[in-house]
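Okay, so subunit A shows up in both of these, paired with subunit B first and subunit C after.
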Partner chain A sequence: MEKVKVDNLYKSFGEVEAVKHINLSIEEGQFVVILGPSGCGKTTTLRMIAGLEQPTAGDIFVEGKKVTHLHASKRDIAFVFQSFALYPHMTVYQNISFPLEAQRLSRPEIKERVMNVVEFLGIEPLLSLKPKQLSSGDMQKVALGRAMVRRPKVFLMDEPLSGLDAKLREEMRAELKRLHIEINATTIYVTHDQIEAMSMADTIVVMNDGVIQQIGSPQQVYMEPENIFVANFIGSPGMNFLPLVYTGKNTLFRYGPDQEFSHPQLSFLTQIDQKEFILGIRPEYVQISPSGLMNGEIISVEPLGYKNVYAVELPGGIRFMVEDMRTEKYSGQVKLQINWKKACFFTKNDELRIKWSQKNG
Partner chain B sequence: MEKKVWKGILIAVGLAFFLLPIYWIIATSFKQWPDIFAIPPKFVFRGTLLNYMALFNIRLEEVAKFGQVGKSLFLPRFMNSVVIAGVSTLLSITLGTLTAYAFSRFKVKGEGDLLFFILSTRMLPPIVVGIPFFVLYRALSLLDTKIGLILLYMTFNLSFSVWLMKGFLDEIPKEYEEAALVDGYTRLEAFIKVILPQALSGIAATAVFCLITAWNEFFFALILTSEKARTAPPSIAAIQGSSGTNWGQIASGVTFFLIPVVVFTFLVKKYLARGLTFGVIKH
Partner chain C sequence: MADVRLENIVKYFGRLCALREMSLQVRDGEFLILLGPTGAGKTTTLRIVSGLEIPDRGEIYINKQSMKGVQPRDRNCAFVFQTYVLYPHMSVYDNIAFPLRSKVWKMDENDIAQRIDRITSILKITHLLKRKPATLSGGEQQRVALGRAMVREPQLFLMDEPLSNLDAKLREGMRVELKSIHKKLGATFFFVTHDHVEAMTLGDRIAVLNQGSIIQVGAPEEIYSYPSSLFVAKFVGNPEINLIKCEVDNNSLQLKNIGVSFPITLFPQLKNKNLPQQILLGLRPEEIILTPRGSMKGEIYLVEDLGVDKIIRVKMNGMVLRIRIACEEYFHVGETVMLDVDTTKAKFFDPITEKSLER
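Moving on, here comes the complex of A and B:
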């Protein structure tokens, strides 16, 4: 049985449709990251699961029980806020024990559970401090502690790392992953940062414009994006796109003014009842090579030490980002070689990826 | 350095401007009759408690010479002021805070219009509604009752406390009570345990303003009360007789009248600093 199930969930704020009929199933112990640009409805979805926002339509189930209209305090779900939302007038100890006070547990039991969590997070020295006296990393840990202490059914986290500086974010990413592995808690994590998503998630849910674009493992969303949006949003730099037009002759495709190429890997496209396609290829699968098929001119080079990132302009003005480490050439005309096995193809009209099954037959 | 000096002078002038009248009234309350009118004014004089004795009608031989007879009414009226101002302040900040919380956190239909309507009760000059209130209060048997003035002051201060408290509550991020909600508390518990402690400075500032308004109110107290519920301000004014004004006694009444507000303000001083500079300093 799913731990959390979201069924045809819909939310509008007046005229604005924030979440448009989404479906989602989350298994026990999964770490699910909802990833999308700001305003895509991911936080609204999370808040509806927490009970902080009432859905306009649709249902939410936790452990098979319908909780759509249940008060937030009765759902046994913990929420970690972007701003941490530590109670400023309470000490760290009081903050962490606050959810237990609500359950009217005995004082010794509260103390024992708080101390367990505090030890786990390594924040014993902070217990008597007020939130104002904490660094942002410590505030984050206290916020996590307050969520953990209750042993809730589900952890919800709304961009919990975006308030931290880059170095701390890396540390906390590792800390969150450790936490997830050790207590094996079902977690739904919202972020716009794809690195967070790729590094922590079991499953990534890519959202845009209130609609789920793709649900899959990090590997799947990276290598087999369902559509152009996902392909573009995931990866840094994102995927390169090149419009192709089938000329009708053999496997000859036009990719720019007076520029054509042919490759046996493209033959499956000729069997599709369309003429215009978009080739998508990640920067690391394009190489600068004298035997390449496509012409281009190097515009700029970013030497990053372990690799060089080239911006190459193709005839017709399209720019490709190319990651290459062997080439010594830093300017001028080059030829680009594509690793066709790693290429994705999208139809031009609906921007959906043409699936492998279609590719093969 | 020079800037510092100028700053000091400016502050001194400002302080003198605000504090001199207060000094004057306090000094007058301790002066003997001829010293009160001395020109040039006397800053060094032989003090006396006669004015206070007259105020509370402590019957010494000398006080009797001033011709006051009967029991002093000042103390019971002063207590009326304490009760009326205190209770009305308590009511208006309680209701005001709850109302403001609703406006701040929930979608209220016609919020803008309602808030404007609440404020508009404050726009009429009191004298315009004086007669209607008199007629209304007579019909409701509220004339010369403490509850009558309490209701009136509460109503007047409510608009003020709603607007002020809304500003303070808007400033408290709603994540705090949302955190309390998911931590297992009801909305009311979240309000009491999480929001109220953080709104204390705002409540203190609002309470001081409400208290001062209710404490100083003169016009309605004059027309709506006569004996039982009369407050201190009209009583002090009544000391002005038809044959000459007993300034010493007025000054002692005013000085005594100042004490509760000063005491209250100092009691909530801890919370007040942030409350009064609210909106001036953004963090």
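Moving on, here comes the complex of A and C:
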């Protein structure tokens, strides 16, 4: 049985359909990240699961029990927000123990649970401090502690790291993931940051315009994106795209205003009853090489210290980003080589990836 | 032509010292990044160059001319802010034309049209000219704001985190745009950010500012590979540099927390150096190598798959090291691995002075 099941969920705000036809099935112990740009409906989805928002249609189940119309407080779900709302007048201890006080647990039991959690998070030295005396990283840990102490069935997190500065965010990302490895609590985590999603999730749910675009492991959404949106949104920089037109001759394809190339890997495209395609290739699978098939001009270099990222303009103004681990720097006119094994192909009309089964058949 | 020289600038706000004897030179035509954490004095520096703020002491020169007593509008520089203030009731065209129609310029409408045509084609916003700001995306609005700064054809652009309000995807694209705009204009860009990735990828040179003083100035690769202090080493790079406490004993370097030691002769950068007893070894995440023949043993603590590469954390006795590996390498949590150090790239710091030992 799934820990959380979302069945055909819809949400409208007046005329605006914020969330459409959402189906999710989340297993016990999974770390699921809902990823998408602002306004894609990810937070609305999370808030409906939490009970903070009523769906227009559809149902939500927790451990097989329908909770669609159950009050938020009755769902046994803990919500960790973007702004860690701690009570400013309470100490760290009081902030963490607060949900248990409300449940009227005995004093020794409360103490035991709180101490368990703070030890785990490594925040024992902070117990008697007030929130304003804490760093933002520690505040976030206290907010987590307050969620953990209830031992909820599910953790919901809405961009919990976005208020932190970049360095701290990296550290907290690792700690959250490590925490998940250790307590294995079912977690649904919402973010717009694809690096957070890639690095933490067991399963990524990519959303755009209120609709799920793809559900898959980080590897799947990275290497086998369902469509152009996912291919571009995941990765930094995103995938490169090259529109191709089949010339009708052997495996010869045209790109840009008047460029042509041919490659055995393209032969399956000739079997498909369409003429226009989009080749997708990640920046690390394009190489600057004298034996490359395509001509381009380097328009900028981004040195990152351990690698260089080039922006290369192809004929027709198409821009490719190219990652290069070599220390020497290139400039001017270059040739680009594609690692065909890593390429994806999309149909031009619906921007969907052509699957392997189609490739082979 | 525009270069900028700041000499021993001191600026107080009440009792708070924002800039302390700060000196910096921005070369003609370069893209210089002023990088530092919040409160370092970055924005104050820009405001002093533009004339919006007057220093308590020190001199500012633009094109070798002292700016003492020179009004902001006479300094021929354009300020681009983090929040792009466009006039909501005006079209993109009118927004960009606005500075040229002001009393100071009163430029002929034909000339205005010519300038706007050129600038908007560089910025790739020609198709947006009739639109109102509210109908534009964040990236488009920022380009319009840039257009309004560019239309006066200033030789010096002062940019205060102009990309920080854009979402991650747009920011990546705008980075490439901004670099190519800089190339096309040939003007001097003086750009402030707290984001080290932005600094590395945009700048011809980076000046690292902390607590009102310049810590290091250099090309991005130089700042990354040869940080002059612990502060720079930690501030630049992602994930953060690994810092390992070492003790110097005769001719060996003992990594106490890890329980291994290396002969000092392994590290050419320490040759003929007078070493303190305690030193810090700094290793970037890609400067630790996983190899079965490695001399250090650790346990995989965490694996983060970023698609393009992986960051793993390895626990060794009392510490956790961050290591970058290729995406084709597979490890699982709990596994034992052997590690080695890329000795030629190792960095060393004095833990007391926090300065690099290699200089």
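The rule we apply is simple: the second predicted complex is superposed on the first by the 357 of 361 C-alpha atoms of A that agree within 3 Å, B and C clash if a C-alpha of one lies under 4 Å from a C-alpha of the other, contacts with A are read in each partner's own complex, and residues count from 1 in each chain.
Convention: a residue touches a chain if its C-beta (ideal position, glycine included) is under 8 Å from a C-beta of that chain, and two chains touch if they have at least 3 such contacts.
Here the structure is a predicted model, which means the values were calculated and not measured.
After superposition onto subunit A, the partners subunit B and subunit C occupy separate space and fit alongside each other. Look at A:1: by the touch rule set out above, it reaches neither subunit B nor subunit C.
Using CA centres, the angle subtended at subunit A by subunit B and subunit C is 80 degrees, rounded to a multiple of 10. Shared-chain residue A:50: touches subunit B; no touch with subunit C. Of the two partner chains placed around the shared chain by superposition, subunit B is the only one that A:77 touches, whereas subunit C remains out of contact.
Contacts of A:88 after superposition: subunit B is touched, whereas subunit C is not reached. In the superposed three-chain model, the partner touching more residues of subunit A is C, compared with the other of subunit B and subunit C. When the shared chain is aligned, subunit B comes close enough to touch A:102, but subunit C does not.
Put simply, subunit B and subunit C get as close as 14 Å, counting only Cα atoms, in the superposed view. Here subunit A touches subunit B in the complex through residues 50-52, 71-73, 75, 77-79, 81, 83, 85, 87-89, 98-99, 102-103, 146, 150, going by the rule given at the top. Every residue of subunit A that touches subunit C in the complex is listed here, in rising order: 37-38, 165-167, 170, 173-174, 177-178, 181, 192-195, 198-200, 218-219, 222-223, 232-238, 282-284, 299-300, 302-306, 309, 311, 319, 323. Interface of subunit C with subunit A (complex): residues 37-38, 167-169, 172, 175-176, 179-180, 183, 194-197, 200-202, 220-221, 224-225, 236-240, 284, 286, 301-302, 304-308, 311, 313, 324, 333. Within the complex formed with subunit A, the residues of subunit B that make contact are 173, 175-176, 178-186, 189, 194, 197-198.
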